[in-house]
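Two complexes follow with subunit A in common, the first pairing it with subunit B and the second with subunit C.
The block that comes next holds the complex of A and B.
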């Protein structure tokens, strides 16, 4: 045997041995022993204080067979076509509930592919700190899992089958992301939520989702999920919610506007670029916050039936600015009435006036509703579309 | 009698320094105690680290091809010198155990919860021992391959996480009280920058000893800048949560998600820990066994590699009770514990050597 041949044999032996160790001896995880949790719901029974966790797990064997028929909007319990399985376990704390999963599950729950955490409204109003702590402490709790509050019980929401996606929680996560991409409601990850929780003055937020009934193609009513508002927390407990308009206002203020539309009576405009800044000003214990918004948009709908002129464009820009301003002010007023600093004004003051902040922080709840907020909006109309004259004049 | 016949180039030395400084700091980024001002603590710590490096490289330059053990014997006389050498070797040994401990805890918590710690550590120790047995040249060549990979991963991770960066999280600058900031900076100097004092066992084998100090400082600067970048990134990505996570770098990389394809890259951080921890442990093990061999006039250091390595693993498994203790010691106790070894021994030895005009002129290049 030459040296080269011997080397070859060594390499082959090595290649055979290495996979044995790579799988890990003690930590080898077989896929068919796992139940992959796609969504996790949290509810509290108000009478007993018990926590109910709802697991939505993926049933891998069903996914292939339903991908072609999932368009029909098959409903919960609709025959054998369920790609997801729901499990409920109840206990005195999240981990107690989690440990009871073993009483009715055949596989170990695996959380690393979890898409959403859903909190029932009752549960959210009681405070969700135990859950947040459990997720942060557990290595399987990833920082970019989405958070949402459901109008009713989380266990109901997780059972509503989505028509487009074969796995409901993925559909729900995409729905939240889409609404955030079009600047309707915020998309809140675990990390953002926990950061707002840690800042002590900034109020955590999360999108709210609810169930509505839609008529299906066969005339039957089917359940669907939609995002209905923004839940506002104080500390770890939910205290109120923002409606659609206020949610947009919030997004404008915290620089979370991506795409989306601004509607004014005579036209609709598509947002191309938007930027905002919160500038605090502190003068003898009086706080003035200026929200500076800079927006560019394209005209996509004009109902005025007039040829466009520079004057009209200017008017549209002004109307747009007015609309954005009123959205932001609606959010500001709502947050004042809730006394919850959803905008992070406190953190903005902290960033600029770190010495004064030490005195302001303990009494922020009293200071906050008395802040003077000024909204300055600069808008610019970029494009007017493919036509520059009205198709039908008045 | 020469225990080590190998020579490494100054460039290889720089690379080894980079790998060594990364070590377990890949997962425990320096300056964490200062919250979002970690990067300031890092920068101050780097400066202090450079000062300490200046002290011990001056000592090594003075004696050219002698390790700290031989220097001690020359400066303090045979018996006292060997006592001091044993103390210094204890520090290298203990530090190796601490690094192994970081290693084990991280993997136990994040990646292999069911695997016994001893198994992982023994496997690591086997690799390190076999490298150390082959001498400093092999170790240096390993560093040449592994350290650039780590730099690449650290920079790539930072680039990929840019969409999630919010620089507002770094404001207000200097939010922590100055005293605390200075203490944390000293902590970052002692772990990891000044730990390069272990290279007093390696500097003797550099082919151009007169350029040793600049090579060490170069390595320190490169890793220092990466640490500052990592500190800025972690604070900007994680915000206040960066201060509560044990391993912020690992979490910050979990945030990466580019087009639903580039995600779950945190395993890269774990790989960095494996490779850089390997370099750090190897150098510490090398220093320990070479030092012991020189103290006890052994003909070769090879027979004691495995026994010392196993002792290191045992110390790693027993000396710290839980992760909290490990982090507390790393951030509080260690910065004081390490002072005599990182500053005390090199500085005093250097001063005495200068006073006694050692080594005699004629012997320098013998």
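The block that comes next holds the complex of A and C.
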């Protein structure tokens, strides 16, 4: 083997070995170099138009100390949160604000475990497109991060202590999920929001979060978080909100009812199974939407003090159907008045009448409030509980 | 006289050459002469002044006029046997025989063989090399003046360890006995299980100086003939001073000596070896080793335990799965933990991430270094526990448990989750003990790769291991069989352990000429006809 050949072999071996080390740890990052952002808030200063991002980050060392000293008497200094830390950074655009985080943070913000995006109401009314665009373009977070609009500034909401969970944003996310599980308010992920935004006619929605005061065990007032309604967007700007009843109606119509309760004057019923379908009908230029709802429930509370006969059961079923229908109609009325297609009627029409849609689409805003909506509800009472004779009669 | 000189030269060469090859020593056999003095002189020279070599001169025959000598190695022979059944008949009983047999010396030795010695196995040889070799293995040699033949009497007897319970391959149900260091005992253990006339122990001697006895065990008619040939070839190729243990043989004959995976199985249990031999494998026993090698070996064997076959199939299959899982955990868990901690934090559920992040807080080392540190610490402890005198055992376990388990966490050097991961790994690695050393090596490789390439690196290494496994052969049998190449019938004893009555055929990759091992349709069931209750 000549010298040249040997050299060549050495070079080849080097070329094989070096990349192994070069690939190195370029995207390896230790957990203690990360600041895990649990919640991200977005506010706009109406005067200057500047964007303020509020980071709620987890402080792992605090979690460690609370878990190891639990039992030896925890001290909570006036509701101050020690497991999370709030940071604010302001910039002319979301990314500008984002980039300024490094000016005051010691760790790299890590969004992959972010639970909620909170938009201040003022900011939401201005339009949140820049934020949506930034998040969608740089997918640092999961697409199932929950979206919510706060009645006040997002930075205020993120600082409110939540009783059960040590991480406030997790508590907030669980609260939203629980309300959705019991069919009170919708649970909207970033992906769903973005999908609605892309459909052009369907209006994005998001639950609204407010702060209320409650008296604590020591008599002091404690701030708590409560879901108060459903924010309705037109495009990327919030234009109004649905109240509790209208939110329920919305969920009935868009087949998002899981479990929950229907209250009618004489009884309360627990929903066991519910299904709904939006069926559009196009005749001439008139659109008629039929919302078909199929529901099964159990009786859990009966105020009538009567023996439950078949007639009464039928009555309860009817009363239930009426209540559901009125909830849905309330939501429909509200959406007509806001002229925001929260139900996705437009998409339903699009799916069924592809050709006609081309003409309808540009004038959807005018068409929408004039749609005739028919709600058909079928209810069935499965079980009346362990008592079928009234314990005390009138 | 020249003859004698030549012989002397020959044996001097033999006793002096440490570097010469065996073939040179056996260039020409050297025969005994009729002169006893001459023979003894050579023997004394070859066997040297070693104190355990006993050369007993005597006069035998009716008139005590025939010089003779008994040669043996003290400690290798049964003294009672030598005294009472060799020396006594030669020296006293032979005198009493008034028959005139002593005239012809060669007659005398035949007479001794046929009528005097009351021992079982006697062979005659005329070859001095043969005498020496046999004396060194424990035979007793008788040389008689005027006869160029020696009698070799098998009167072996030495201290051996008694048969004990298996220490490494434990089973709750099933026989307890294990092999010991004596080849003959081990063959007897196998013979007691398999009384088939086809069971063959083929003997070989390996080791230029140790002349270690080796037996290849197989059953004629069940094993494929070429397999025996191949094993014999490989054993004959071995040319080394000494075979101290069966591990020597394994390393000299394995198919892929540079692989991490062992392609030759071993067992200390006669029942396991018998089962493998009955499947169509060959076993190798080595004198001095309480283990038997079995070949060919497939990967799955490492995860089969003898008790799988003694327990009922459901639990046996379940436990086999547990064993697979434990092995995968022991090899991959620390690597996956490192990858998740330093690259893929998003793969963890949020609450788990928070817990882990809290534990990681203030730990100075990157998680990869932490893992390697802990793995090495564990291996040190394990090795210490193994090598250290038994009496010190407790000290190590206490220090080890405190150092690893508590102090390291309390001092903030190591995160508690890492200790949990490593403890799980350590325990899991002992579920399939035969694979424990393999698991330890894989673990270190995987952790190092995972710490700078993450899951990507783990996948690369896993693929590398898989392709390597697929390329391995053990005496021509694919190592991954019956999984790859797939053999549906073989799967009955792979991922599950099917009931014994369904396993009708021997493993197909072994190409046994006798594939059927039991008659089919043996599923036990109650008799179809109803027993008559009236009858008594």
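Quick notes
Basically, the second predicted complex is superposed on the first by the 352 of 394 C-alpha atoms of A that agree within 3 Å, B and C clash if a C-alpha of one lies under 4 Å from a C-alpha of the other, contacts with A are read in each partner's own complex, and residues count from 1 in each chain.
Simple rule for what comes next: a residue touches a chain if its C-beta (ideal position, glycine included) is under 8 Å from a C-beta of that chain, and two chains touch if they have at least 3 such contacts.
Just so it is clear, the structure is predicted and the values come from calculations on it, not from any experiment.
Of the two partner chains, subunit B and subunit C are each touched by A:142. Judged by the touch definition given at the top, the superposed model places A:60 against subunit C, while subunit B stays out of reach. Once the two structures are superposed, subunit B and subunit C can be ranked by residues of subunit A touched, with C on top.
When the two complexes are overlaid on their common chain A, residue A:283 makes contact with neither subunit B nor subunit C. In the superposition on chain A, contact of A:106 is made with neither subunit B nor subunit C.
In the superposition on chain A, contact is made by A:36 with subunit C only, not with subunit B. Legend: residue contacts after superposition of the two complexes on their common chain; A:195 is shown touching subunit B, with no touch to subunit C. Of the two partner chains placed by superposition, only subunit B is touched by A:350; subunit C is not.
Judged by the touch definition given at the top, the superposed model places A:27 against both subunit B and subunit C. Residue overlap on subunit A between its contacts with subunit B in one complex and with subunit C in the other: 24-25, 27, 142.
Interface residues of subunit A, counted against subunit C in their complex, comprise 23-25, 27-32, 34, 36, 58, 60-61, 63-64, 67, 110, 112-113, 115, 142, 167, 170. Within the complex, the subunit B residues that touch subunit A are 109-116, 119, 168, 171-172, 174-175, 238-241, 244-245, 251, 254-255, 257. Here subunit A touches subunit B in the complex through residues 24-27, 136, 139, 142-144, 191, 194-195, 198-199, 350-352, 354, going by the rule given at the top. For subunit C in complex with subunit A, the touching residues are 341-343, 345-346, 350-351, 353-363, 366-367, 451-454.
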